[in-house]
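Following this message is one structure expressed as structure tokens.
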Amino acid sequence: MGREPAGEEYYPDDEVEVLPLMGNEAIARGAWEAGVKVASAYPGTPSTEILESMANFPAKEVEAQWATNEKVAVDVAIGASFAGVRAFAAMKHVGVNVASDALMSQTYIGAHAGLVIAVCDDPGIHSSQNEQDTRLFCRLGNIPLLEPADAQEALDYTRLAFEISETFDTPVIVRSSTRLSHTRSPVRVGNRTEIDCRGFNENPQKNVMIPSHARLSHPKLIERESRVGEYFDQIDLNHWERGDQKVGIITVGTVYSYVKEVLPTASILKLASSYPLARETISDFCNSVDRVLVVEELEPVIEEGLKVMGIATEGKAFFPRVGEFSPEVVRQGLESAGVIESLAPKPLLEVEPLARPPVLCAGCPHTSSYMALRGLNARVLGDIGCYTLAAIEPLEAIDTCVAMGSSIGNAVGMAKAGTETRPLVATIGDSTFLHAGLPPLIDAVYNEVDITVLILDNSTTAMTGGQDHAATGKTLRGEQTNRVKFDELVRATGVKWVKTVDSYDLATLYQTIREAVEFKGVAVVISDRPCVLDPVKIKGQPFEIKAELCVACQSCMNLSCPALVWTDEIFDGHRKVKIDAPTCMGCSLCAQVCPTDAIRLQQRGSGNQ
Amino acid sequence: MVETGKTTQEFEIRDYLRTELMPHFMCPGCGHGIALRALLWAIHDLGIAKDNLAVVSGIGCSGRTAAYIDANTIHTTHGRPLSFATGLKLARPDLHVVVITGDGDSLAIGGNHLIHACRRNLDITCVLLNNEVYGMTGGQVSPTTSAGRYTTTTPAGNHEPVFDACELATAAGASFVGREITMHVTALRDLFVQGLKHSGFSFIEVISDCTEIYGRKNELGNSPEMVMSHKADIRPESYGNVVDEPFRPTDLNVGVLSQTDRPEYYTAYRQHFGKQVEGNDDPKKGGAVT
Amino acid sequence: MKKTQVKLQAIQGNHSSALAAIDAGCRFYAGYPITPSSEVAEKMSSLLPDVDGVFIQMEDEIASMGAILGASLGGKKVMTATSGPGFSLKQEHIGFAAGAEIPCVIINVMRGGPSTGMPTRPSQGDVMQARWGTHGDHPVIVLAPDSVAEIYQQTLRAFNLAEQLRVPVVVLFDEVLGHLVESITIPEADTFERVERKWASGPEAEFQPYRDSGNGVPEMAMPGSGYRVHTTGLTHAEHGFPTQDPEIVERVTERLFNKISANYSLVESYEAEQCEKADVVIVAYGITARATRRALRKAREKGIGAGLFRPVTLWPFPQERFIEEVNPDAQILVPEMNRGQLSTEIERIAGRERVTSLPRFDGEPISPQQILEKIVEITAHG
Amino acid sequence: MTRQGVIAPVEMANTAPTNVLVVGVGGQGVIMISKAVARLCQENGLEVKQSEVHGMAKRGGSVFSHIRFGQEVKSPLIPQGEADILLAMEWAEGLRWLPYLNPERGIFIADTQRIVPPFSCRDRNRGAESGYINTSVQELVEKVPNAFAMDATSVATELGNARAANTVLLGALSTALEFSQEEWHRVIAEAVPPKTVGVNKEAFVKGRHWVESGETATDFSSDNVISLKEPRESRLEITQAWCKGCDICVKMCPERCLQLDQHQIVQLIDEKRCTGCRLCEWLCPDFAISVEAK
């Protein structure tokens, strides 16, 4: 690369090592090198690997832990910072919503020891419920932001973030995105710098946010904003590439690489941060070119900043506010802005793509829960997790899905509205329940509503790849720890009707949910089976379909199991089904729904699938 | 691409019913109706003429099903249909004789007749509709009522051990023993086909449901739920070691549970006295089986 | 039938009934061994295979009775035989046969009772049970032969009546007759009438299995002949399916009795000997009738005007003939091997004041001397 | 087929980065293959960027990995029409990404194995067609100048481990890149589970030999895309007087197109969804439903 990395003094020449790292690994490495002592996170794609790779560093160096939710993660980090050690939290963009309560106050308090929060946005919504732009949160909370463009910068900026945090007494957010988090590129790594504990700063006026103290802090925050902006002007992070002066491109983060790909000769100002802006640098750059274009993913944060500064600029007039950028998107924007000529469209090889939506895994215990619900004609309030996939056909068993923990609260609201004639069932995963399901459950008990809560306990945080949580009995580092027991927890809230059922026992599950629905008041059913993928891949003896018995009714196909596919055999005009033995993990659900007894355990040695 | 598993001629159940008696008198969701369909379907598939079919039933809800079949039907006394059937079959080896009985009918009052019918191995197909209760008389305990279940005569839950009808029949010498659940209607049909084709005494237990009386009293859910729970109750080995932990351990098997090649009673009787059975050794061939 | 070529045979009463059954066309027998009737089953087991019939020993008397009803429904003439407790067990299905109108013949060789009683001792204790043994209102025909020859004749007749009237017919005799060996003449096959039941005819769609076909007896449907009917023990209408309609129930139940009374000339049979002018008439049946004949001779020798009225058809009792034949002023003596079962029936017909019962129930037959003494006693008082 | 099969190596000395797009379905080893290629490039002193999307990958979804390497790499994403090599572990996935392949000189290497998603088996009507892509090997070869379609899964299965199909394809790919076989074997050995090093090495050699021997295309081993020519409709007849409202048909209907009305009598609420599977007819204890195929 053509630039020198920031913080060069950390790299003694004789110890340069280059590793291929994902953006998330680089962020974790950066925090570790910066001497972080406490790190906490709640998993969420695309941020999950940050804490997972943090756990690869020795426990005596960094206390890495899963938190029950993002607010808890931030509070843990704040506590460590109060205690005088460098602290770190990581989350995905929507996690900031949960954490923001703490974050918006902590920004008034500042950071005694370095406090850095890594946030991974998900432009393009690969695996989220929205594509909110975290930069707006930074502006809202006056929290300085750093935006690396590649894995090297991810490491460097994270290290630097701790310096900025301590220098300016502020929490700092390092913002990544799906593309950066999951792109692997070579990274020059350094060593860990042990930082001495600063001890607790006995200063109630600074640390205790009561109105009188907060009123004093707010002006300092405003002042801090301009000081950090000035700092961004001074340090060599904003990268100015002088080129063609007709057009100057201001960009930030991963978008920079697309701009370079499409327009290698332009004048480019690649900012390190969208907030606070390096106003002087920007002014200089804008003065050096005839026309200024801001190329930024999602919201026009920089563009509006420039307009406030009185700089004539264009951006979102040509570039979309939605979706993930790519070289093609940048090219189209620059073409419509008249910066580059339209290329004659290449004769691309077009094929109508096959729809391959993600589905619940073969043997996923959630499948039976939703098969059971499907039969009950219930109004199902969904939540965040793999099970959200049950909303699409063929299960089509979820009516709403808002945010982590919303299901139960939504059910309470619908019950209070009193207009829904169908039974109300909130479905929520184990990890999600711990994350944000408990307060609304307490609310449901407190406000005496008639709802059923189905806790889908698969003993892991499956959607993000199988992370532990408070009810798995294991820590981030895989050590045994205390375990929350759902039935006891739920009873303690005052729920009178609690039953635990094996998720693979479809009939009992169906029956139990039906009984729960008939119960007047809050009823909780715990559907209990481990995830088939994590923490260990479960693989039982596969099932097979006796073709001669199959009547192609498609009952099993309603499971949407990836192991079930059509064959070329026809019964009464319908296609018969077969089981792909390597994919089948032997959960028996298809056999349980087959009305013709055509699905049997594969006899050993008879498999021809 | 091949079209498989379909009968050549469409089965239309009305062709086999006394439609003037419909709707039948069974309660909503009673599994006996499903079993009846499977039986008639099998009879259709085998090409057995209604004129050559005799259905003998006992007393109880199961006994009432026979009347709806457009065949030679005999609704006999409590527990005794097998005795009537024995006489009928010996008198008329050309008829296909099917007995429909219930759990109380065949295992309690008719237990003696059942075991001896099994022992003799006369070519009769005996269908036991097992709904675990005396439904007709208002829901009293039967020899197959599951442990702990409530009936009008087990107010504190059933404390008696139960019969496994199929094991009983096998031990008594029935040369064909099978079991199915109503939800497996096509499998049940196939089991009936096999049982009807079998030369000798075939015993087929159908796990049926009594929703209105037994189900309600024991909170077993409504009909679809009862039908589905039968599905979950059966054939542990079919569900294997559901990834290392069986989800519901039972020992109820379905399908053909035992089949032996013992001499058929009537054929053996004739041969014993040095006579050939009219037409052919195989009494089945006297009928219209194709 | 080759057996009928044998003109004269010395045979046991029980065997006699078996031979008659075969000659009547019985092709199915199901039974369960019980003293003193077991020889009937034994004989049938050897006779039936030769005539392409089937003998089966069932698991109990209930099943035996069920089996013969099944076979009868299949179109065969059928019979079973039993005694004592076995007859009790058969009652359930005798009722079924009465209700569903299934032709069948039941041999009951009476022994001492109640319960297991005295298996090897004779009795006439089942007279009332033969009539009222099963529950509900129903007709039954009971025939009471008094010799091995008559066992043969009445068994033949029992089949004819059963077939003709679609009723269960009981042939009732006691242990003594059952085991008595006498020479009898077996008639040529073409010398006696063998009646077949009336089979269904006419359009299948219009056929009703319990519709009066003219003489009160419905036609019967032969399985496999196209008439697919329903047979049930439940009270049923003409179409054969259950009913609880009071009007229909009354009509069909009435017909069950009417078919017997309307055809009573076929059913009735009795012997009246010097009854018209007698001072004393002995009403006796079965083995007791044979002792009575001897007592009568002695009484006449003593100058007593004594007659004999012997009902062969015990049930329904030939009441009209009795009134016709018997001197209305005669004293009536009813010797029987029970506590007076038939005598109450005679009291009902003749008036209590005229009837004297001579019961014996110690397991021994009534002797001529006993009867004579009683005749003398009655006439002395008279 | 007259085309010469052997792959001409990609010109790696070019200043522009070399673009390899590896695609497949979750669980096929797309990421593993990508890492191996990336590692090999990095060890040869090239700058490498490898970008992937997971999250949904484990749920049977489409998985892709962009690998870009050269003297200098900017964007981690390959622009459309600029992939030098498209390596597809699954047939339809290969076709999905065709727009990314350089139309003039791009090399297409695909396993003809077809993983039919449950979603493709959704049309329940009589005579329904599979939603799986219809393009045959022949059609593809006609469109793409440098297409190589091989039944890698069968090759790997013959070796005793179907999962080694990705290494078979890697063997084919290796002929397009100027790295030595020894280097390939080393990175593969590091990437795969220790127990499977042997079989993967064999798989690699098989794939490489397949291309070197001049092969270009294998036809499908089985055919799951045949269409039924006789779509038929079904008609549901409900004898209302016989129905007792037991709800069995409503609950057992795979298409959820039945419902009890206010009189507890079954009715068909969505005629279009009914496929005529007959379950309702079969499971009705009251014989109140019959299905007729028109």
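Labels for the chains are A, B, C and D, by order of writing; each one numbers its residues from 1.
The rule is simple: a contact is a pair of C-beta atoms (placed from the backbone, for glycine too) under 8 Å apart; a residue touches a chain by one contact, two chains touch by 3 or more.
Since the structure is predicted, the reported quantities are computational estimates derived from the model, not experimental observations.
J.: B-D versus A-B: which interface comes out with more C-beta contact pairs?
T.: A-B
J.: Of all the chains, which has the CA centre nearest the overall CA centre?
T.: Closest chain centre to the overall C-alpha centroid: B.
J.: Please tell me the distance, in whole Å, between the geometric centres of chain C and chain D computed from their C-alpha atoms.
T.: 86
J.: Centroid of chain A to centroid of chain C, CA atoms only: how many Å?
T.: Here the centre of chain C sits 95 Å away from the centre of chain A.
J.: Taking the mean of the C-alpha atoms as each chain's centre, how many Å separate chain B from chain D?
T.: Each chain's C-alpha centroid was found; their separation is 48 Å.
J.: Quick check: how many Å separate the C-alpha centres of chain A and chain B?
T.: 57
J.: Can you list the chain A residues in contact with two or more other chains?
T.: 375, 551, 568, 570, 572, 595
J.: Pull out every residue in chain B that's touching 2 or more other chains.
T.: Correct list: 1, 183, 185-186, 224-225, 228.
J.: Which residues of chain C are in contact with two or more other chains?
T.: none
J.: What are the touching chain pairs in this one?
T.: A-B, A-D, B-C, B-D
J.: For chain D, which residues count as touching chain A in their complex?
T.: Within the complex, chain D contacts chain A at residues 25-26, 35, 38-39, 42, 47-56, 58-62, 72-77, 79-81, 92-93, 95-96, 98-99, 101, 103, 116-122, 124, 126-128, 130-133, 135, 143-144, 162, 222-224, 226, 228, 230-232, 251-252, 254-256, 275-279, 282-283, 293.
J.: Where on chain B does chain C make contact in their complex?
T.: Listed in rising order, the residues of chain B that touch chain C are 18, 21, 50-52, 54, 56, 66-67, 70-77, 80, 82-92, 94-95, 112-113, 115-116, 266, 269, 273, 275.
J.: Taking the complex as given, what residues does chain A use to touch chain B?
T.: Chain A residues touching chain B: 363, 375, 502, 504-508, 510-511, 514-515, 532, 538-541, 543, 547-551, 568-572, 576, 585-588, 591-593, 595-597, 600-601.
J.: With touch defined as at the start, can you tell me which chain B residues reach chain A in the complex?
T.: Touch list, chain B to chain A: 1-6, 180, 183-187, 190, 219-221, 224-225, 228-229, 231-232, 237-244, 247-248, 254-255.
J.: Which residues of chain C touch chain B in their complex?
T.: Those in contact with chain B are residues 27-28, 30, 49-50, 52, 54, 56, 58-60, 62-76, 78, 92-93, 96, 221, 223-226, 228-234, 241-242.
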